[in-house]
Every structure is written in C-alpha cells, then in structure tokens.
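Chain IDs A, B, C and D follow the sequence of writing; residue 1 opens each chain.
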Amino acid sequence: MSPDLSASDVTGPGPARLPDGLPPVVRPYGDTTGDGMVQLSFTLPLPAGKRAEGAAAQLARRMGMDAPMVVHARAISDAFTFFVVYGPVSHVVDVAAVEVVEREYPLLSPKETNAAVRESLHRKLVVVGACIGTDAHTVGIDAILNVKGWAGEKGLEYYREMKVVNLGAQVSVPDLVERAREEQADAVLVSQVVTQRDAHVHNTTTMSAAFREAFPAGRRPLLVVGGPRFDENAADALGVDRIFGRGTTPGEVASYLVHAVAGRSHAGTRATTTATTTT
Amino acid sequence: MSPDLSASDVTGPGPARLPDGLPPVVRPYGDTTGDGMVQLSFTLPLPAGKRAEGAAAQLARRMGMDAPMVVHARAISDAFTFFVVYGPVSHVVDVAAVEVVEREYPLLSPKETNAAVRESLHRKLVVVGACIGTDAHTVGIDAILNVKGWAGEKGLEYYREMKVVNLGAQVSVPDLVERAREEQADAVLVSQVVTQRDAHVHNTTTMSAAFREAFPAGRRPLLVVGGPRFDENAADALGVDRIFGRGTTPGEVASYLVHAVAGRSHAGTRATTTATTTT
Amino acid sequence: MTRRRPRLHLDPEQVTRARTLADAASGPVVDLARTRTTVSVERAVLRAAGLAGADAEGIPWVNHLVDAVRRQVGLEQGIAVPVWDALARAEAPDLTVLAQKAAVDAVGFTLPTGGAREHALVGARAAAAAGVAGIDQARAEREDLVARIGDPPQRPWIYLIVATGDIYEDIPQAQAAARAGADVIAVIRSTGQSLLDYVPEGATREGFAGTYATAETFRLMRAALDEVSHEVGRYVRLTNYASGLCMPEIATLAGLRRLDMMLNDSMYGILFRDINPVRTFVDQRFSRQVHARAGIIINTGEDNYLTTADAVDAAHTVTVSQLLNETFAHEAGLPDHLLGLGHAFEIDPEVPESFRLELAHALLARTLFPDAPLKWMPPTRHMTGDVFRGYLLDGFFNLVGSLTDQDILLVGMMTEAVVTPWLSDRDLALQNVRYVQRAAGNLAEDFVPAPDGLIATRAQHVLGEAVDLLQSIVDSEGGLLTAIEHGTFGGMKRPADGGRGLDGVVVRGEHYVNPVSEILEGVLV
Amino acid sequence: MTRRRPRLHLDPEQVTRARTLADAASGPVVDLARTRTTVSVERAVLRAAGLAGADAEGIPWVNHLVDAVRRQVGLEQGIAVPVWDALARAEAPDLTVLAQKAAVDAVGFTLPTGGAREHALVGARAAAAAGVAGIDQARAEREDLVARIGDPPQRPWIYLIVATGDIYEDIPQAQAAARAGADVIAVIRSTGQSLLDYVPEGATREGFAGTYATAETFRLMRAALDEVSHEVGRYVRLTNYASGLCMPEIATLAGLRRLDMMLNDSMYGILFRDINPVRTFVDQRFSRQVHARAGIIINTGEDNYLTTADAVDAAHTVTVSQLLNETFAHEAGLPDHLLGLGHAFEIDPEVPESFRLELAHALLARTLFPDAPLKWMPPTRHMTGDVFRGYLLDGFFNLVGSLTDQDILLVGMMTEAVVTPWLSDRDLALQNVRYVQRAAGNLAEDFVPAPDGLIATRAQHVLGEAVDLLQSIVDSEGGLLTAIEHGTFGGMKRPADGGRGLDGVVVRGEHYVNPVSEILEGVLV
C-alpha cells in the first residue's frame, strides 16, 4: 500500500514546479503515480534455467530494479535465454538536470528564411549534402533537401535563396571535402543511418576531422549531421556544429542554417575563399 | 568496433568457467558477444517533447545504459509519454553471485514419494491448501493439488500416502489456521496470484505470523507458498519455509514435502498435537 | 445496427430446440427466484428509496435497517411494510434517522395489517416510485446524451478496463483511454468486494487489483466520462459489476448513477465466487429487472468458463450458458438489444487451426444471437510474460472481432499475465485495435467460410453438443441446480445448499411486498 | 507444389499483353548485354577455372590478372585466349603464379590467332568445363541432400536474415535460427561491398551491418547449415547477394559453394547503388546464366521500390519490375521454378483497408506468376521504434503470406527501425510466423475475395496501370534505359552513361570468347 504514498512525495501535488511548469523530479509510471514501473527485455548467454533467471534478476537489480519480476524466460538455444522483466526502478529522473538541445534559433517560414539569407549574406546560401561512407540511406537527407520535403514541409531546394548540391549516397569524405570547397559551401549536411558498430560515429568524426584539417579554423563550412540514432547532445564530441535526430523537418534545418550561418559572420566564411591544402 | 572486443574479455573464449561450466561473468547479448544490449520501455509523467525524451535518456543512463537510443516516444495524453529505449548497459552479471534457490531435495516419482512417506511418518502426510485473503485464483493451487495435476504430472491428491484438504478460494487466515489444526496438517500450502500493491506479500506475512502465534516454535506445520510472481529467495523475509514460483510442478512440491517433513522430525510435528491457543 | 448476410448456416430446428430446452432448464429456477427474497434485494429497495450513507465503521445504514427488521420481525413480508410503518408511526423523521436508531435497536418494528399496512404501503410505493423515477431519469439522460453527442462510429465498440484500486488514478486513466479511442470504460472492482455483504461508501482509494464500486465512485467516474464524451464527440459508456452478494443494490445504484453496462451473469457468482446458487438466482432476477428498466446492457461472463476449462472441449458450455443467460434475461424483462452475451478467444494458440476454430465459435454466437450486442473477450489464460507474443495474440483476437461482427470488444492487454494494465498497456492495446479495425476494414466481405469446411462443421458440432448438454440438464433429476452441483460449468461443483450468503435468503411470505419490483414487473406503474 | 484454385480473375488478354510488352522492353537491353563483357564477367571466368586467393593487400589474383590482360591487350576477345595462351607458352605453371607475375607486369600477354589461339582455347575450355562441373556437382549434391533430408513441410518457406558483420557470430545465430524454424538463411552483406570492384577473401569478421560475402564465408556457412540440416531434418537453404560490381563472380562462387538462392535483381544495382545500367545488365545476364546452371533460385528486389515510393501509388511499378525480371530471367535460361519474384507489405498502416490492399497486391502477383516461388517481404518503411506495433504488423504480414499462397516468407523483425536483428528478435519473429501459420492453418479456403469487391477491383486496377507503364516504356524513344534515366523506378534517375563501373564494360570484339558462357548457353556442352 505504500509505494504510491512514497511516490506522491516525489511527484504528487504540492512540490514546486520548474519554470516551464514541469515537476522537478518524476519516476516512471505504471498505473500509479510514483510506482517506478519499467519493462525490460534482454538475452543472456546462459542456458535456460533457475540460474539464468537468477542472473536476469541480478542484472535487473543492478539496473536499479529492487524487486524484479522475471515474467518470461525462453531458451533461444542451449546457450542463450531471452527474458522479459517487469518491476519498479528506484531511480528518479531529475527533470531540471535533463540535457536537451533546446532550439536555439527561431522557427522561420520559407519566406522569412529567404529574406534573412538575402539580408545577411546578400547571396544564396550554399548547402552541400551527402550520405557518407558506405551508407546508402538517402531517404533522410532527401527528406531535408529535395523539393518534395517531409512531413508536409518543402525541402531546402524549394528555398529560393538556397543553392542545394545533393551528392547522394556513399560519398567518400575526400570527395565531400572537395565538393564543399568547389561549391564554396556555407554548410555541409551529412546523413548517417547505419549505426551498427557505431559506424555513424566513426564516419562523422572522420568527416569532421577532415574538414578541420582542410580548412583553417573559423573558415570551414558549418558541419551538420543527421540521422535517426544520433544523440543530439553529442555535437562537440563528434566535432560538428549541430546534430539533428529522428523526425527532423526541413523547416527546422533551414531555420537553423540561416541562424547559424548569419550568426557566424557577415563577411562570409565560405568554404573556398581561404582554403589551404587538403588530401 | 570496440564493444565486442572489450566484451570478449568478459565472456570470450579463455576465461575460467564456474564449476557448473557457466562463464563467471556475462553481459546481455544483442547480436555480438558482450555488446550488453537491452530493450526498455516505460512511461514518464511528462508531456511529450524533447525534454521528456531527454528525461527518458537520463533514466536509461541511470539504469546503466551509457548511450541510450530513445527509439520511440508517444504521447499517451498531454501529461504522459511512453518510451521505447534500446542500448548497451555497462553492468555485468556476476554469475557466481547469482542467488538461486537450488533444489535442495531429490526429485522423486509418486511411488518413491509414497514409499518415503510410509518410511518416515508411518502415516499419511496431511496437506491443507488454500488461496487466502481475497484472492480467488485457484487454478494454481488446484494444479498442484488436484488429481488432474499440471504439465503432465498428477497432483498431490493422486499420491496414496497424502491426505489433501483443498479449501479453495478466498479463505481467511483464521479459518486456515483453524483447519490446519483440525486436520493436524503437516504442511499448509497457500497460493497467492494477485500481486497488485504487494497483496501477496502482505497476505503471506499475515498468514505466517498467525501460524507462528498459533503454534509453538517447531510445532507449526510447514508453510509453503506459491504463485507466479513470488521471488523464490524471499522465504525468510515472508516467514515461510519454501516458496514456489512460476511453472512449479506437483512432483516438485511432493518431493519437497517428503524431504522437508521427514527431515523436520521423525516424531511428527503435526499441527494439533501441541497446539495452544489461537484467535 | 444492420447485420451482414449470415455467413453460417445453422439448422433452424436445432436452434429452436436449443432455446426450448434452455427455457425448460431455467423454468424451475425462475420459480424459485420468484418465491424468495434476500437481504440485498431488500436493501436495494431502501437504496431506491434514497437511503444512503454508513456508520463510522463504514457499515451502510441500509444494512443496519434490514438487519434490525429481520431480527425483529423477519423479512418474509419484505422490508417495505415494517419500515414505512415505522416512519408512519413517526419513529423517525426519515429513513436515515430510522436506520441510525435501528442500528442501536432503538426502534420497534411491527408487521401491521389492514389500514396501517395500507398506509405503510402508500409511503413505500411513493418512495419506490421516486427511486424508479430516478432510474428513468438517468435513462432519459443517457438517451438524450447519445442523441446529442453520438454513438461510436464503428462496431465493435472498444471496451477498456481500468483497475488501479484508486478512483482518483482511475479517472485520468479512463479519460486518457477515452481520448485514445475507448468507447466503454469498465472499472474493475477490488478483489473481495463481491464477498462483502454490504456496499462500501465513498470515493475509495484502497482497492486491490480493482477499485471498490460505490455510489460515489460511480458518480465520479460517470461525471468524468460525461466531460470527456463531449470532448471526443462520442458518448463514452461506463461499466461496472452487478455480481457478488450485493448484486441488487449495485444494480440499483448503477441505474441511479447512469451506468451504461453491467457485468451480470446468471451463474458467475455461484461458480467463481462460491456464492449460494439460490441467493444468486434471486438477487440476479431482481438486478436484471432493474437493468431492464435502466436500459443498461448486461454483460454475461461466459469467458470465465474458459479460464478453467479447455476452450475447445468446453466450447459448448459457453453456448449453453449464453442460452441460459438469454432465457433468464428475457424472463426478467431484458430485450435482446440489452443482452451483451459473452464469449472469448481462449483456445490454446498451440492448437492447429486455432484461429479458424475461434472464428467458428464467434460466428456461432453471432448467428445464434443476431440481435444481441455480443461481447467478445480477449485471450487471458494463454497469455504469458512474453508480452510481444501477447500483443500479437491480441491482434488476432481483434481480427476475429472484425470478421465476425462482434459488438463489444473487450480490449486485451499484452501484460495480461503480469500486472493489472498499465497506462501504456492500454494505449498500446488501443493502437492494436485501431490498426486492425482500420487495416481489415470491410474484410468480412471476403470471409466466406467454405460450406463444408472446418468453420461450418465446427460450429454445427458445438451447437449439437450444447443441445445434448441442455437435454441432459433438463432430463436430470434436480435440473439446473443439480447440474451445477455436479460441476457441469467450469468444472466447479456447487451444491444448492452450499456457498456463501444462503443465510441471506428468505422465502417470501404470503404478504410479501416489494414496491420496487411491483413497478419493475409492471404490477404497478 | 500444388496451387490452390485461383481466387482472382484477371483478364487473360491483358496478362498476355503485359508479357508481350515486357519482352519488347527487355529486347534491346538483352542485345546490349549479349554484345558486351565486363571485368567482372572475365574475372568470373577465372574463378570458374579455379583461380582464387589475393595479395597481401587483399586484392584478389583474378583482379590482378584481368587488369594486366586489359592493360596489355584489352578484353575485347575475353580473358580466356590471352591467359591460356600465356599458360600454353609456359609463362607460369598455373593460374595463380600467372596472376602473381601479371600483378608485377612480369608476363607478356598476346592475342594469338590460328593454331595458338585454338590451343589456348582448348585449355580454357577444359578449365571452364571443370568449373562448370563443380557447379553441376554442387547442384547434384543439393538435389541429393534435399531428397535425403527433405524440404520444409510447409509453404511459405521461412527466410531469415543474419547480419552481424562477423561470420563467426553469424554461424551460431544462423544455426539457432534454423533450429528455431528457419528454412532459408540469408547472410546480409556489409554496407559498401557492392561498390567494391573485387570480392574480398577469407573468413571476414569486420563487416558493417552485414558480413562480407567471400568464397570462405560461403563455405563456412554452407557447412554449418549442412550440419544443422541433418539435425532438424530439413535441408536449410543459404542465400546471399549477387549484386553490385562483382555480381558475376559472386554468382560463380555461389554456384561452386552450393548456395541455394541469390538476391539478383535486374535493376537494383542501377537504382539503389548507382551502378552503371549497362554494366549491370551485362553482369546480370551472365550471373543469371550461372544461377540457371546451378539451380539457384534468384530473388528479385521489388520490395526496394516501396522503400522510397508509396506502396499504393507505385504498386504497378512492382508488377512491371516483376515482369521485366521474368523476361530477363527467361532469356538467361532460368525456368519459372527458379524465379523468386519479390514483393512487399509496405502500405502505410494508417491507410484505410491497408490489409485488404496488401491482399490484393499479393494475390495479383500470385495469379500473374503461378509457378514462380514468390518471395513475400515484410514491412520496413513504416516500422518505427514502437517494437510492439512492429510485432503486430509483422503478424499481419505473415497472415497475408498464408492467405495468398506465398512461397518464401522473409521474416520481419520488430526492431526493423532500430538495429540489425538481435538474436532474440529473430527468435521472436519466428514465433510470430509459427503462430500465424499454425493458427491460420487452411484459412485460405475461407478467403474468397468478393468478385467485384475492393480486392478484385484493386488487383485489376494495378495490372492496368502496369500495362500502361510498360506501353509507355516501349513507346518512348530510348526504351527501358531512357525510362530508367527518367526516374520511372523508385523515383531514381540513372542515365545510361552515369553511375559506377561503366569503365569496366567492354564491347565484345569479333573474336570474343567466353568459355564459361559457351557451356552455359549450350554452345558447347
């Protein structure tokens, strides 16, 4: 009878709210405020049996589930067992401490974006896009770039004040650097969808390193990567300027681009102008 | 490219095995040894949005998932969001430290059980069974007690040397204590299926306390509880002698009973003989 | 609702025979019920008359009053005469005070005759009429709301269970469910409530695996659903359970509080709660009369048989129970369109052709009861902790619902074998239903069971077994009561003189009067 | 396999018209392919002749040898004459040493005529014959194993993907999958392999999202599946990908290593890998000739169109592609029973009646290609991170497979939108298939699309659109190549002179000889 009572200390009525109206701490919700309920599934490389079930419970406990219920155990072979576990976790979520990439730019309509580009650059904003490495998933980058667009919004090609060069799939990093220089790109947009063995991370860091090497600091084009499995908070770690994740719309990207490109310099830090050497 | 390498340190070929042939430590397995992959789902009492997704990732991180992928977020209402999260957990399972209730008794056939009862008690072994409290789920206890049995094994009623009194559903604790005394029960078998708000825990501790109060130490019948959501390691905490979980078969229970009742005393610690007062 | 062309041919003679046998089996039981009353029936009369509230311990005043009357003068004449006589004698200004005094034995009850009796009856009948008027008003309100807000656009209606134990958690969950597509919300009751011989009071927050059904939880939830009905543009129905020892009172409260459906099976309490068979049949007849008046759709509980018996072997017991529920319901005045006969998708998924067998059973029910709003219930018994598999089974269950024109679809939960539904389980479950209903669309038009194929053969076979079982019930010495005693349904053996609540049954005396029944049975209007 | 009564009526004249148009559209492309060779076709000849291995950098000897010959004398006459001439001239004792020397330009190749040419050809033809004999032997082995161990007892066959990137993780996963019910195992290739103009060597462990296809990974996996085939009592088939720049070589290795099916689409490489169209058509014709000889079932890739185009709007492009794949395959000698034409369950689940539309499309393919082992592919595009919903969609996909007599069922994974399949995903997916196949049983017998209902109308409509599109391809100036250039398929625009690998295409000279093709085309036997 106690779990919900203790829980309402945490999230119930009363406690202060964050400025945005959210509760400062929350717990997962099964059917009662604060019950902390979570569902888990995983495979352990152990033969099915009590011992494996105990191991599953131990793992769940290590994950913070004090009283795990191992509700399903199925032998996948004589060496692996699949588990479903339910139970309450003791962790609370500290909502105030949540790191989110808040939208740091105003959302503009295509018209506003075009006006802002004219205003700040006095020329077209040049965007070079590609799927790099061996990745051939172009639907995501096409969703952002092609006129057709995504989720009802037109892609960047539709913007009169943007010049879009879409290099397509499986572009090598050297080719991308080269094209960015040739086109005097303001921004390079890269898509990475395959994430097995962290392919997206490796490819992105390779790409950003190549751009850092090829362009003097402050002169390289804006580096933007996107794909469904990126952590939007990882831009610094990956050496890029911005990451866009699952469900990004073209309008967001366009708005970001004017904001960031215009913000960077009014003189124009385009890719060639001051290019040095490259490989 | 590293996760699997680091992982094979843990479970790969080479490291010593436990006496039972199991690896000493394992990690969850997605598609590569040691990748630590786990699937999670839960609801947070937050409106859908980046902040809620960040909160979901935070929770996953607190659960030990260093690089969580929040792959699905769906608004259940304007106050709740449901998440599916995938990713690797950093925890390892220490297989040697897994607590399991190992079968402490030999598995006997009905014939052997009957012989053992005759041998040790020189009379029938008396079992009183019930669903206590408000629980009316009798299928589990019936599976153990009724002749029909479970999973191809006959129930205890089938054993010639057992006397089974099945009280059915929603039996109050005082009634159960009373019947146990009347029947001079060697063992009391209790089923608890409803677990919401820990009903099974409350009912079991109430029951075991009542038996402790009603019988002098060492004279109370063996207390056995069962049900699909019990933690088999919790016998001490619940004040009972043995817990049986999901998928128990009648043969296991019968084998345990002869082992435990015979082991306890050859004189016979039956419920009445030395009963004192009760309420 | 318009029925599609029948897809199953049943021998009309056998159908007639099945119904005739069901009538024959129920007849003696109805006679038994007509000649008895129970403490709960009498308490229901007081509740209809407006007596509410409870003492400090939570024991309702209706219980105190009925117990006191019974102690002093018995219930053979019913509660009405002694109570309204006492009021007429100004023992107390109103029912509540009377009950309070009765609780401490500070009132003397009598059984007047002649003028005094007539006088008492006038008071009682007025009070009862006011109560029934309250039920009528709730019904009119419902009809009005449905007319204004509208019914769900699709069949089957989507029926969802809420079961937190706390009415204040239930409400937002029910509202979220309605917003997400639920057409009917059922608030499950706490374990153990059905064995209480009183109805708890107030906005309870401490149920186990369900929330206590009280006049106040009914009111709160109905108000919450009215609010959301306007918002979603469909009248969202509310369901509870008229079963257990207080079935007549719960039915009365449901009528007054505008509940829209009630679980109300003719044998569930006997079989699954070990409630005395006679008590059950008496209580049930009264409660069904109330439901009929209130325009409440009853939901029967044939699904329950299949949780203890095998769904293939015992398929015909479902049919027999449906036929019995039908005849009992008709006798109590319920028309076909209020008969939510139940059946369930409970065949072991390991059985070959299990999906087709489910289709056969569901079509059989559909064909036998063309005008009843059938309630199609999801897999429970063969659900396991494998929630993925469970989600799939629920999808196939939903598909049977669409292919066989079911009317009410109790939404299955992937966590059936794990926990009472979480908020997210319900949301996922609704997504499942919506996907299946939308994706299958009018697929029923392409579903044409081969004339001599498995589906047709199986349905005919089950009907045959049902007729045989009914025949054996009618033929056996003690009829239905003996059949129940012998474990015919769900394998449960329940003797007519066993089980809970028998001491609450009273054989009606010659002068028995029940002013509520008089109205419901049309003796008075 | 016996086909059930047709459930869909198609206008036979329109069907004939569709096929005539497909033949007309493919004709010019076949002519193009007949008159050209590619570096990979020539390497395939060397592989058939037994040349294997690679230098320290992993560049295969076949590449070195073909490149050297091309540098020195060109490939217009094919690789055979210059290579076996060099051997005849004792430039090296065997092909490997010859290649090693050629790699460092330590051999001089010539294009002899007269007796020397005839002499070289004798050697080349003997080597080619030995290679083809190896393929024949593998085929005979398969036939023998199938006869002894048996085929899967049910249709559709269950086809499962393994994709860890590491052959040593793949093997136990594939074996586990077979034990759990898979009839066909496909080992997906690493991203990027298709753009390599060489076939990697050895037991590779470092693929991304797939494992490198090599002679050795083929061998290891086939051996592992032979082992498990005996264990499970069904011959478990192995699939890989004959696509990309090395299609002819991969096909040859597949034939030699007894692979059983190969992904091999006439236009996939062009559209989805931006491989030059001419290169693709030339490579493809040769690889299909090999598949025909090897008794390998090809799998076409119509599913891919629906990942970029809408599955309802573009349904007819699937039909057109199937018809083109059919005509190209027939021309290359593949009989119907080796034609695993593809199609997929990719309609947006939000579309009303989506399930019936899927049934319509699947029945259309079934009816148009009654003798082809159709490959039915699962939802991918509309799968999301909601793995529960995904599991349900896969169940409905499986049901379409059963209702419309598909032959090969590519098992869908609930984690489609998340990760390459986990061990547990595969196990859950197989459970899903097994449930659906068992539960639905012979439900197809009750599935009778209403004659003028949605399903029939939709199928006819799609066929009509397909005929129109074929007509416009045939009518347009440059035929199929121009249609491809204009983005007709999957919205991808691929000009005939664009894309990767064009420089590997060589127009055959007057004296071109391909000793393997001679055998495959029946010029020599």
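We take it that contacts are C-beta pairs under 8 Å (C-beta built on N, C-alpha and C of every residue); 3 or more make two chains touch, one makes a residue touch a chain.
Being a predicted model, the structure only gives us computed values, none of them experimental.
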Identity of the chain that, by mean CA position, is farthest from chain B: D
Chain pair with the higher count of C-beta pairs in contact (B-D, B-C): B-C
Centre-of-Cα separation between chain D and chain C, whole angstrom: 60
Intercentroid distance (Cα basis), chain D paired with chain A, Å: 35
Separation of mean Cα positions, chain D and chain B [Å, integer]: 52
Multi-partner residues of chain D (each touching 2 or more other chains): 163, 385-387, 417, 419-420, 422-423, 428
Chain A: positions in contact with at least two other chains: 1, 4, 29-30, 33, 37, 39, 41-43, 69, 71, 74, 80, 197, 228, 246
In the complex, chain C residues that touch chain B: 163, 165, 172, 175-176, 179-180, 190-192, 195, 208-209, 272-274, 307-308, 385, 417, 419-420, 422-424, 427-428
Residue ranges of chain D touching chain B (in the complex, touch as defined): 163-164, 166, 169, 173, 206, 384-387, 415, 417-423
Complex contact set, residues of chain A against chain B: 1, 3-4, 11, 20, 22-23, 26-30, 33, 37-47, 50-51, 53-55, 57-59, 62-64, 67, 69, 71, 80, 89, 91, 93-95, 97-102, 197-198, 202, 228-229, 231, 246
Complex interface listing, chain D residues touching chain C: 349-350, 352-356, 359, 386-389, 391-393, 395-396, 414, 428, 431-432, 435-436, 438-443, 445-450, 453-455
Contact footprint of chain C on chain B as seen in their complex: 41-43, 74, 76-77, 79-80, 82, 133-136, 139, 168-170, 194-197, 199, 228, 246
